[in-house]
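Common to both upcoming complexes is chain A, partnered first by chain B, then by chain C.
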Partner chain A sequence: MMATTDIKELVKNIDQNNLMIVRELKKYFPIRSGFTDFIFRRPSRFVRAVDNIDFDIPKGKIFALVGESGCGKTTTGMTLIRLYNPTGGHVLFEPKEDTLKDLREISNGRIMEYDGYIDLATIPGKWLKPLRRDLQIVFQDPYSSLNPAYKVYDILEEPMKVHGIGDSKDERYDMVLKALEEVKLVPAEDIANRFPHMLSGGQRQRVVLARALLLNPKFIVADEPIAMIDVSLRAEILITLLDLKEKHNISILFITHDLTLAGNISEYIAVMYLGKIVEMGKSDVVIKKPLHPYTKALIKAIPTPDPSMRKKMKDIWIKGEVSSAVNIPEGCRFHPRCMAYEEHPEIQAKCRESEPQLIEVEKGHYVSCWLYK
Partner chain B sequence: MSEKLLSVEGLKVYYFTSGGTVKAVDKVDFSLYRGEALGIAGESGCGKSTLGYGLINLVPPPGRIVDGHILIDNVDVAKLNESDLRKKVRWRKISMVFQGAMNALTPVYTIGKQLAEPLTIHTAISYKEALNKVQEILPLVGLSPEIIRRYPHELSGGMKQRVMIAMALILNPDIIIADEPTTALDVIVQAQILNLLKKLRRELGVTLILISHDLSIMAEVVDRLMVMYAGKVAELGKSDVIFSAPSHPYTQGLIASIPKLGEKKLNYIPGLPPDLRNPPVGCRFADRCPMVMDICRKEEPPFFEIAKEHFVSCWLYR
Partner chain C sequence: MYVLGWRGVIREFMRYKGGIFGLILLIFLVGLAIFAPVLSSTDVFYKWYEPTYWAAQNLPKGVPPEWINMFGDKTYATQAVLTPEISQPSALLYNITFKYEYTADIPPYDIIIDIFSNITEGSQMVIFMDIIRPDGLRIYRVVDVQSDQSIVKISLRSAVDAPKKIFVFGLQFETEETRREITEKGLLSVLNPMDVVFGVAEEGIVFGRSGPLNGEYIFNIIVYRLTEENTLNDIKLTIAGSVYGIMGTDALGRDLFGGIVWGSRIALIIGLGVAIISVAIALVYGTLSAYVGGWTDEALQRIQEFVISIPVLPLLLILAYVFTPSVWNLIFLLVIFSWPGPVKTIRSMALQIREQLYITSAKAIGLSTWRVISRYILPQILPYTFALVAFSVPGAILTEAGVSFLLGNQGALEVTWGRILNDAEKYSAVLTGMWWWVIPPGLMISIAGLAFVLVGNALDRVLNPRLLR
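Take a look at the complex of A and B:
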C-alpha cells in the first residue's frame, strides 16, 4: 500500500514550526486467516486501527489525541515512533543535529534528508537506533513498564549504556541522580537504590518519566500516563510533565480518553473515532465550540460536578455501540451512531455513501463531517 | 427523611497484616434512608471500599470487622454468622456491584446461567423458572432478553457492567452498593451506566450506596455525600450543600481539584495520606491541612453538626 501523497510534493514546503508532520498514516493489522479461508481463497482481512490520518505536531507543544478505547490512539502513538511499522504514509520528523550525524554514519550517507527532516515512516529498521534517543514513550501502566529485578539506578542506567551516554559509571550515576531530582523524586540517592516494588504508582511513573528524559528526547509519546495513578497524585505528575516540557522544549503526543484532561494541559486536540481523526484544532476551540457530532457527544457525556442536575437523565447524544475496526461502515464511519444524521435527512445519502474528508472549516479548526461542506 | 434502612454505629474494620494492623475503617457512623442515594467519596486507600465490604460483612482476609454495629431491620449484620449472612442478608437485603466485577464473569458459562444460578440457590424455583425471571430483569438494565444465550466475551464492557447490575438486582434487595461502577469504562458508556442507576432509583425505588473517587460522578447521582479520609468520615451532608459550600478543608481541597472542562488549571492537595498502620494523634488530615491549628495535632476532632444533617469532623467548627 503506497501513500498517494508524493514525498517530493510533501517536502517542498515544510513548515519549520512543526516537529512532526504526519500524512496519510496507516496501520493495519492482518487477521490470521484459517485453513478454510485459504482453501476458498478468501481475501485476507485487516483491523484498520489507524486509517489514513494527517496532523502536525508543533515544536514544544502538547498535542492531545482523544478517543474511546479501540479508536486507534495508542496505535498511532506507537506507529509514530516506529514501535510499529506503519502500513503506509509519511511521518516527517526533525531529529537533533547529533542524531542526524549518527544517522548519516550508520546509513553510509544513504539517509534521505529534507531540510533537516527525515521520513520516520520509511527509514529501515536497522537505522532506527540513533533515533530512539529523540523519540521516547511513557506507557500507561507504571507497574509493568519497570523491570522488577532491577534497582531504579540500573533501570535508568540501562538506556545510557545502550546509547553510549556518559563515559564512566560515576558520571552516569550523577546523571541518574540529576534526572531523579528533576522528576522530584527525592532523596535521589535513596530512590536510586530501591526496587520498583518499593515505590508507589506515582513514584514509579516518575521513574518512567526520568528514564524517558535521560536520553534528552525531542518528542515523547505519553500514553495515558496518569490513568493508573491515584487521583490525588495525578495533578502533581502532570505539573512535573508540563514543567519538564517547558524546560527542555519537548513536544508531547498526549494520548488520553479524557477530554477534560486534554483541555487542561494541551495546546491542540485531535479527536479520533475508529481509526480516523474526526475533529482537530486548538484545544480551547475544540472544547468550547465542538463541530463534529462525535465530539459533541463526548462533551455532553462528561459528568458535571453540579448536584442540581442529578434528578434528570443525562442527555446521551449518540446511539449504538462502536463498530468493529474490521468491518468499518461505508461512507462516514460514524453515521450509524450519529444523531445529527437523524436530524438532517438532506445529507443522509452523502453520509452513507462517501467518506467525508478532514477539511478546514475555520482557521486551524478541522472537521470531517458532511454537515460542514 | 423517610424510613431508616441501615444504620452503622462505631464500625471498625482492620486488616491484620504482618506489617501491623491497618485501621482501614475506624469508628464510622452513618444512616441510610429508604430511596436515597448516598455517595462515599475519598482518595485511594481511605477505606471507602473496605467500608462497602464491611456493610455486607464480606471483608477479605486478613481484614475483619473488629467492632461496631450494622443494623438492617434490627438485625446486626456485623454479628451474624456466615450461614445466616448468606441466607438472610447478602443479596436479599443488600447487594453489591464490586469494583471491576465485570471482568469476573466466568468465560465458560452463558450470561443466563450465571444470572439464574443465584436464584436457584436462594429460592425454591427451578432453573427454567429462574431463566424466565432473568429474562424479565434484563430489560430493566437495558439489555435484551436474548442475551442469556451469550457468553461474556461477546459483550462490551458496558453490557457486562449492566449484567453485574442485573445480578445485584436479582433477589430484589433493598439496598445496592456500587463500588466504582464506571471506572475503566469510556465516558459515553459511563454516562449510560449513570443514567441506568438513576433510572433504577426512579422506577424501582432502589436505595443506592455509590462508592467512587470521582466527585463529578457523585454529583450526577447522589443525594447525600460522605467524604472519607484515612479511615474516618470527614464530612457528611446533603450533596447540594457540600458541592456549593464544602466545610471540611479536605472536602474543599477535593472539590477545588475537580478538573473542569475548558480550564487550564490543575489543582491538587499536596502531601500524602497517613500510614493507617500508625495514624497520627489528633486530626488525620492535619499534615496536609492549610488551616491547621495547635489543637488539631493533639486531639481528634469529634463530629460537629454545623447545620441540620450536616456533620463535619474539624476543629474549625468547634
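Take a look at the complex of A and C:
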C-alpha cells in the first residue's frame, strides 16, 4: 500500500470503487498536564488512540474493524465522520451530488474537490453540516443514544428539521412513520408517541437505525450495534441493518470485537491493535488464513460450543494485557504479548527496535509483521 | 423526572415528612405574602418609615401583644376608640362626654384626643377636659389649650402641662415625705401619669402602687368657639392600650404585625427573585462551560471561583449604602454575588450528560451547539434546578436580612424583617425587654429559611438523578 502525506500525490489516482480512502489517519488525545508539568516544562503527552492507519472502504460494502476494547476502533469511526477532529492524515470521501452542491454553497465555492471526492479530514468544522446527511453513526449502547426528554417522533423529526427535509409537519410525520416501518417497528404510530424509556433495547436500536436512515446517508459507522442487545434479538437487528444497506446502497464501517461476526457479515476485515492496523484483507482470507500472530490469537480464542474442545481452550495464544496507548512499546507494539516473538528468536531484535509496515503479502492481503518481510 | 412525570414527582415528594412540613411552612408564608393587603393595610407597607402616618394612628409605643392577657394574672388595658356624646348648651359651646369602662389591672398607655374643625383664620378654639373618676374624684382641667389649628391632637402623656396636672392631683394623696423626695429627685419625668389617672386614690398612687381603680371613667370635654363659623366636625378619644394587636408595637408606635406580614412578601420576592435569577444564570453558565470545554471552560471556571471567593457581606453593605437598598437594588446586588453558587453542581451534571451518546448522535445529525445545549442538556438539568432554587432562597433571605439589619433602610421605603430588627437594635429592644420586637422577625427569618431548606432537601431526593433509586 502506498502511503503518502501529500494530498496532491494521493488524488492523482483515486480508485472510483472506493467510497472512502483513509491515509495516515491519526487521532491523538492530549493528556491534561498539571501545574508541575508546566513548571518543569515537561513535554505534553498524548494518548495515541489512532496512530497512522490506512485503509479503503469500497462502495456499498461492509468493512469490519476488529480489535480488543481500547484499541482505537471506535475512535477511528468517530474520527472518520468528524465527531472528532483528526490530528493528521487524509480521508477522501465521495459525497452525494446534492451534498456537494450544498457544500459549494456553504463554502462559497472554496471547497477543494478532487474528481467528486473531498478530504473529510481537513474540511473546516463550519462546513460540515451538509455532510452530516451522508455520514451517520449507530452506537453500541441504545440506552443512552436517545434523548430521554424526547418522544420517538421528536427524536426522528429532529434530523429532518435540522436539514430542512419535509415541507410540513404532516409530511414529516408520514416520513417518521415510514422510517419506523422500515426498521420493522410496528405499530409505527404507537411507537412514535412513546418515550425511549418505554422501549426495549432492541426497539431502541431500531429507532437509532431509523434516525440514521432518515437522512438517507451514504456511509454508516456501526459501532458494535448489537453488542448490548439481547442475544435472541441480535440476528433480527443485524438482518434489518443488512437489508437496509442493500436497499439504500450504503457502505458500512462495522466496528466489532467479535471476529466471527465480522467474518460472517463483512466483505473486508481490518484487525486493529493499539491504534494500528496489523492485518487487513478480504474477510474469508483473513479468517481462513490469518497471518499476523494477533489475528491468529483472536481466531484461536473464538469459543466453540463443543465440550470435546474444552482441553484445547487451555492453550494460550497470547500473553499479558493490552499496553496503555500512552506508553506504546517501542518497535512492534505487539511484541511484548506475541507468541511468535518467542518462537522466532531470529527476528527478535527487529521486533524490539523498529516498527513493521503494513505490506501486501499477497493480492489484497496486508499484514504488518516482521515475519513476512 | 422524565421517568417519574409530574404526578410521580408529587407522589415521591409526599413520601418525605420533612418536605411536607417545609411545604406547610411555605404555604403559610405565601399565604401571608398574598393576603398582606387584607391582613394589614397597604399604608403600613408604603408609610412604614413616615412618623406622621404612625402618629395619626394613635398606637401605643413599645407595648406587648394583646394575647399576653391570656397568660399571667394581671390584665392589660386594650386599645379602644370611644364614641362621643355631644351636646350644645349654648351657641358657641360644645359639651362632649366620653365614657370608658376600665376593667384591667395595668392602665392604658395613653389617652389621645383628636379634634377636627374648620377653624377660620385668625380665629381660635378653647378646649378644656376634666376627668371624672369612678370614685367621684375629678381631675380638673387636665387639658386647657387654645388652638387655631383645624386638626388638634392632644396626648395626655406627651402634652406639655397635662401630666403635671395629673401628678398634682396624685400628689395630694402622698405623704409630705414622699412629695419632697419626688421633687428633690425629679422623679416626675420617669413616672407614668396613667398610673395616677387609673389608680386607687391613696398613698403610692403616683408610683402606681395603689392598685387599679376599676369602673366607669367620664372624660368631659368642653370646646368653646369664638365665632359661629368655626364648627366642630369630629372629635375622637382614643384609649391607647397597654397591649396592642397580635404582635405589639415598637418604640415608634408602629404595628409590628403589619411589618411582619409585609416583610414576608419582601422576603419571598427577594429570596425567590434572587434564587431564580441566579440559578438561571448559573444554568446557562455552567452548561456552556461544561459543553464547550477546553479554554472556555477553564476561563469561565476561574471567573466563577473568583466571584464566589469575594466576601459578600462587607461589599454588599458598601454597595447597598451607595445605592438605596430598595428591593430591586438588593435583588440586583444579591444576584451579582450569588449566581456562582450553583455553577459547579450544574457544570458537573452537564459534564455527565455531555458524555451521553445522544449528545454525540445530535452532533452527528448536525445540530448546532446552541440547540444541543438548549434542547438536549438544559431540559435534563431543569428539573433539578427546582431543588437548586429552593436551596438558594434561604441564603438570599439571610443575606438580605443581614444587610438590612446592619444597614437599616437608608431611605428605602419597604419594611423588611431585617430592618425591623435594625430598628429594634437601634432602640435597644433587647435591653428594655421588648421581646415582641425581636423574636417574631427573627423567627420569621428562620421559618422562611427552614421552609425552603426542607422543601429543597425533599426535592433533591426526588429529582437529583444521582440519588434516585
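Just so we're on the same page, the second predicted complex is superposed on the first by the 366 of 373 C-alpha atoms of A that agree within 3 Å, B and C clash if a C-alpha of one lies under 4 Å from a C-alpha of the other, contacts with A are read in each partner's own complex, and residues count from 1 in each chain.
We adopt the following convention: contacts are C-beta pairs under 8 Å (C-beta built on N, C-alpha and C of every residue); 3 or more make two chains touch, one makes a residue touch a chain.
This is a predicted model, so every value here is computed, not measured.
Asks: State whether A:D141 touches chain B only (first), chain C only (second), both chains, or neither.
Replies: A:D141 contacts chain C only, not chain B.
Asks: A:V47 contacts which: chain B (first), chain C (second), both, neither?
Replies: Neither partner.
Asks: Of chain B and chain C, which one contacts the greater number of residues in chain A?
Replies: Greater contact footprint in residues on chain A: B.
Asks: Report for A:I269: first if it touches chain B alone, second if chain C alone, otherwise both or neither.
Replies: neither
Asks: If you stack the two complexes on chain A, which partner ends up touching A:I299: first (chain B), second (chain C), both, or neither?
Replies: A:I299: touches chain B, not chain C.
Asks: Does the superposition put A:V278 against chain B (first), chain C (second), both, or neither?
Replies: After superposing on A, A:V278 lies clear of both chain B and chain C.
Asks: In the overlaid three-chain picture, which partner chain does A:V91 touch, first (chain B) or second (chain C), both, or neither?
Replies: The answer is neither, since A:V91 touches no partner chain.
Asks: Of all residues in chain B, which touch chain A in the complex?
Replies: Within the complex, chain B touches chain A at residues 43-45, 156-158, 186-188, 190-192, 194-195, 198-199, 213-223, 239-240, 243, 255, 257-270, 272-273.
Asks: State the interface residues of chain A toward chain B in the complex, per the touch definition above.
Replies: For chain A paired with chain B, touching residues are 68-69, 230-236, 238-239, 257-261, 263-265, 284, 287-288, 297-311, 313-314, 316, 318, 321-322.
Asks: Going by the contact rule at the top, pick out the chain A residues touching chain C in the complex.
Replies: Within the complex, chain A touches chain C at residues 78, 81, 83, 128-129, 132-133, 135-137, 139, 141, 144-149, 158-159, 162-163, 195, 197, 208, 211, 215.
Asks: Could you list, by residue number, the parts of chain C that touch chain A in their complex?
Replies: 2-3, 356-358, 360-367, 371, 375-376, 379-380
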